[in-house]
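You will see subunit A twice below: alongside subunit B first, and alongside subunit C after that.
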Partner chain A sequence: MMRLPIRKGLRHLRLVLGPSIGASVLLHSAAAHAHERFVPHRLKFPLQNEFFTRSLMQNPDMCRIAVNVAVVLIAFLVVWMFRFVLQQFEEETILGGLGGAAQRAGHTVACFLADRPVHNKFFHIVGEWAVTMFLRSLGLVLMYSAATDSLVMPSYPLDPGSATILKFAQVGVAILILTQTLLPLAGALLIGTWLYLFRWGWYVAMDALPILIVAAVYVSSPWQSHKFAITQLNSEQMKWVRRILGLSFFVLGWLKIWNHDLIAGVADNYPKVMQDPLVNFFAIGTDPQYRRECWVVSFGMAEVLSGFLLMIGVFSRVWSLLMVFVMTKLMLIDFGWAEIPHIYLIGALLVVVFSNKLTNELSPFEAAQEEARRRGDMLARFALMIVPPVALAVLIIFPVLELLTHADRSGL
Partner chain B sequence: MKFTLSNTKQIVAMTLIWAATLFAVDYVKQPRQLAILFGMRREAFGDAVRPANPTIILWVNHLCCSGCLDDLRAALRLLTWVDKVELDKDTLARRATNRRDQALNDFSNRVQIEVKAVNLAQVDFVALDRAVRNAGFFAEHIEFGGIPHARLDAYVPHLCCNLCKVAIVEGVKITRQLAGGNDFKWLDSIDVNSPRKTVTAYTRYDSSVDVGEFIAALNHLGLTPATLMVSRGD
Partner chain C sequence: MARVAFFQKLTQHELAQIAAISKHHKFSRDHVVFFEGSRSDSLYVIVNGSVKIYRKAQDGRQKILCVLGSGEFFGEFSLIDGQPRSASVATLQPTEMLSIDHLDFRRFIMSSPDVLWKVLEAMCERLRIVNDENFDLAFRNMAFRFVCALLKLSEYGTASIDGVNVIASKQDLAAMVGCGAERVSGLLQKLEDRNLVRTRGNNIHIRDIDVLRKALEFAEDL
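Let's turn to the complex of A and B:
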């Protein structure tokens, strides 16, 4: 087992990944070249396109979905701000009268749900295995992509002219990953490859954002990585894993609403995916006449919600566990072999689920709240618990959704 | 055990060198304008910008005067789905690297056929090819573009068994490999369905399709399609 130092060598993570992700905003492509090769996604019936281009003010159904999502987001954020109070209440009032074993079990479950360290041998062992799987699984995905004439994502075919060279290059990177050799080099090659994906259009690069998750860990690993058994990630590495993982879902959620025909086409071919309870919950109160359109928006918003909460570290374990379930179901039941690359995302999510080094981005509010508690200023304390969640939910959901209704979709 | 970590300079340098290498390999293997290479502009077959509507461009190496064009127009008038037939004046002439190409340039032209979107399902490239030949012409290339993602469905009456299927799949694969990436740039994958007697070509996203190349490949394999339809594809 090896613990990597936090400060030394990790400062450059910010410097390397920041500009790389920033490039996604600066670089621009006129066309979305992406398309899905192996999952049938042909629309069986056209969508009512005007639904996606009407402003929120004139579209009560989309507005209703946005309100539903915002309410759920506020609820999660508020519960998060009250989590210590709730945990204290649970342990003192509910579990107080029970025996030691029940108290310990209740404490473990509460710690798990509140993203606090879980001191359990089994949890620790599974966490170590998850890190090992996460660090290597991308190698398998690259091998699979090379075997299907693709680069990184099996959805994106290589040009026949350069296919052979790029496939060999991918296999070379995969060997570095699978043998855990020169991981900083492997990380840099992955980031470089991701930048190259802009050649196929920004949409492709956004779709491939998840490869940066493991690249962040690689570039902060030692050059002599092959000599170590890396079974734990430190807080700084976990922070980047969580942020990029969340950002990936967040961006892909918005893109699903923008490129609505793609996800609706998948649903037309796999009607079972429309029976998701969370997605259907977001569509409560909408007009059945726009059932498919509302499902598309709800589906995208579900990803936006889970991605955002993961990005800021609110109930990271709960959302990651939920997504492990969804990804596994999509891979094993709904789509089958075509979605085998999901194994890499499942690895990344498992790392978050079983990590004891989780942090969150709301800690400044929590510190201010603690300060108010010490001063005995109850009004300020409760204001700090309520106002930031409401403001965040409104700012995250409504402006972007409104912007998307004005987005140019002619290149799709 | 001692270990060393990478630093920002090393990671940035390795990242940029690798990204530049990938772009360079891409450019060397498929030279084109930098705007297209960096994804700032759409890529299309034959240096042409992708048209906005479903469009077919015929490369006819003998179309020297208005008489030739009138004959071709008369032949195409029989196809009900053809909307407009015009000379494609915007497209550049072929790159003439020898006297033969230069000589062809002197007499050749490209004809643009517009198709109304509502008539897309009626487009049959075999009927088009036959009409051109019946008028005494031959189209060196039949390019189709204008919809981001198309698929070609060829109905091949002789597809009697699994061996026929294997012959087509392997034949197209070998043809692509022998061409070293110069042919079938538009082709993503093919699917042969023996019971239905169809060969479906799935095209790469946002590419112009050389339909003539597909027909020629089937002919080369000893088969000929009875119809070749186009649709917005999976």
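Let's turn to the complex of A and C:
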């Protein structure tokens, strides 16, 4: 009796893996190469490259940025670990004195900020709409890519020899997505396309990592997906959306520091992007003669920070909302039409913002902390609130940043 | 405190112990004592007044699970298993209650295990109510459940010479029965046409509880 679901699962896996491997092999002969197309990023003034290759111990400015980011990361993690204490304080002390509609409204806001379920009609309706938009928006992006002779993202133009077949293939997948037909197949084809991108270098594949967010949802959808009105994602799907979304920002943040000329080139062409308050906050206390270099590191680290917190599910709604703002600003103000494919990422972020099924990866620490509280062991409880955040922040930031100073950049 | 049913079997010494570890609260009407998902794990005992225990669906619709009054208690689930609160609790009228912290209660029952029996008895009673409600949901129509809800509320109403006054909004009644506020208005109108109740805003006057109880027999025809 128990074998049936396993066999069914294996069959599902075979059906999904087949097309994805097939797509990557079939597309292997086609050509695509990334270069400057829509968002100009030609470096106008060279960076001081030695800044990026000096060890952290000999680079006080980079070290300063790393410390600033680590402090912010620790602050967010510690506040998160204290959230049950804060919840009690909020409910008993702050809202306890209110009562009525004010008490309920305050509680709704607190639930939203702390990733707790929000039981509200408006929130529920927007959440359903966000899922609908997220599941379909990649179809629009693929249509746009096909119309601009690109593969998946407009930055990767197609080789004229294989352009026609790949354009039709993209339109085919887009039709599956927009009509919500055979979604597991659409997901498998997207995974195959992503694997194919490795042919052009791991950097290109990492850049396209976000397409896996919706691919993960598609492959876990029913084969007869056209028969269902999918307006909600289950907990497992939400977990993967959050993890891949966070991982994408996390990886892309490090890549910005590694391939520093690219992001500095964008800033040279769009000086307004250098006026971001969060990014400039991380560069506080650094030497002004390395202003552009410090900005590049701070920019990358801001993405690493937000990506990491999203990946582990700490204040997912707040960070996602912040990124919706940043993406919308990039699309409507800074870069304009060239960034229109960002509607897909905005859709994914909105799904997180309006989800009531958010989980986090720190829950084992929280459970241990609750256990200690019920035992009355306050020392263990507070140790569990402080030690894991500090250890995590130090381990996530300093070793990778140090590693990047030794990284080979000759192939860029 | 000795008048509260929950503490009635306790000795003077035990009552003094309870008084030392409990906190006294006074809440106005429509005050949320705790929300679903809350991490508090105190036990609450109602001294006077009444509360509703409810849960909310994702889209904000409310279902009242039960209404409790003087002498009854709530919050025992989290007290025992340490999990977040499984439902929200809000006052229906100005209410006085006592709260006892989990750790203090645990120490107290070591010396007075009888109190734990009280908690178990109440949990069994609530399970029976849930069983009855499941049965009613499966086999009784909305009108029957509506009259049951009115009778339940009348236990916490104000008695007068010509009946009982109950204060309840149509939304609360709808949340108890599991229907829309419009349906509640229709059912109240039908009871009013049969001279069983009289309504003015949130004030429902039940002329005769026994007659209303009798009305359960013909509730299917309402």
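Points to keep in mind about this one:
In this section, the second predicted complex is superposed on the first by the 375 of 412 C-alpha atoms of A that agree within 3 Å, B and C clash if a C-alpha of one lies under 4 Å from a C-alpha of the other, contacts with A are read in each partner's own complex, and residues count from 1 in each chain.
The criterion applied here is as follows: a contact is a pair of C-beta atoms (placed from the backbone, for glycine too) under 8 Å apart; a residue touches a chain by one contact, two chains touch by 3 or more.
Model, not experiment: these values are computed from the prediction.
In the superposition on chain A, A:R374 contacts subunit C only, with no contact to subunit B.
After overlaying the two complexes on the shared chain, residue contacts for A:F382 are found with neither subunit B nor subunit C. When the shared chain is aligned, subunit B comes close enough to touch A:W200, but subunit C does not.
By the touch criterion stated above, A:G100 is placed in contact with subunit C alone, subunit B being left untouched.
Subunit A is touched at more residues by one of its partners, and among subunit B and subunit C that partner is B. When the two structures are aligned on the shared chain, A:Y270 is found in touch with neither subunit B nor subunit C.
Shared-chain residue A:S220: touches subunit B; no touch with subunit C. Of the two partner chains, subunit B is the only one that A:G161 touches; subunit C does not reach it.
Counting contacts as defined above, no subunit A residue meets subunit B in one complex and subunit C in the other. Remark: subunit A residues 84, 87-88, 91-92, 95, 99-100, 103-104, 107, 111, 116-117, 119-121, 124-125, 356, 370-371, 374, 376 touch subunit C in the complex. Those residues of subunit C that touch subunit A in the complex are listed here as 27-28, 30-32, 34-35, 37-41, 56-61, 82, 102-103. Of all residues in subunit B, those touching subunit A in their complex are 1, 3-8, 10-12, 14-19, 21-23, 25-26, 29-30, 37-42, 148-149, 176, 179-182, 184-185, 188-189, 202, 204-206, 232-234.
Against subunit B, in their complex, subunit A makes its touches with residues 4-5, 8-12, 15-16, 20, 27-31, 33-35, 37, 40-42, 157, 159-163, 165-166, 169, 184-185, 187-189, 191-193, 195-196, 198-202, 219-224, 227-228, 412.
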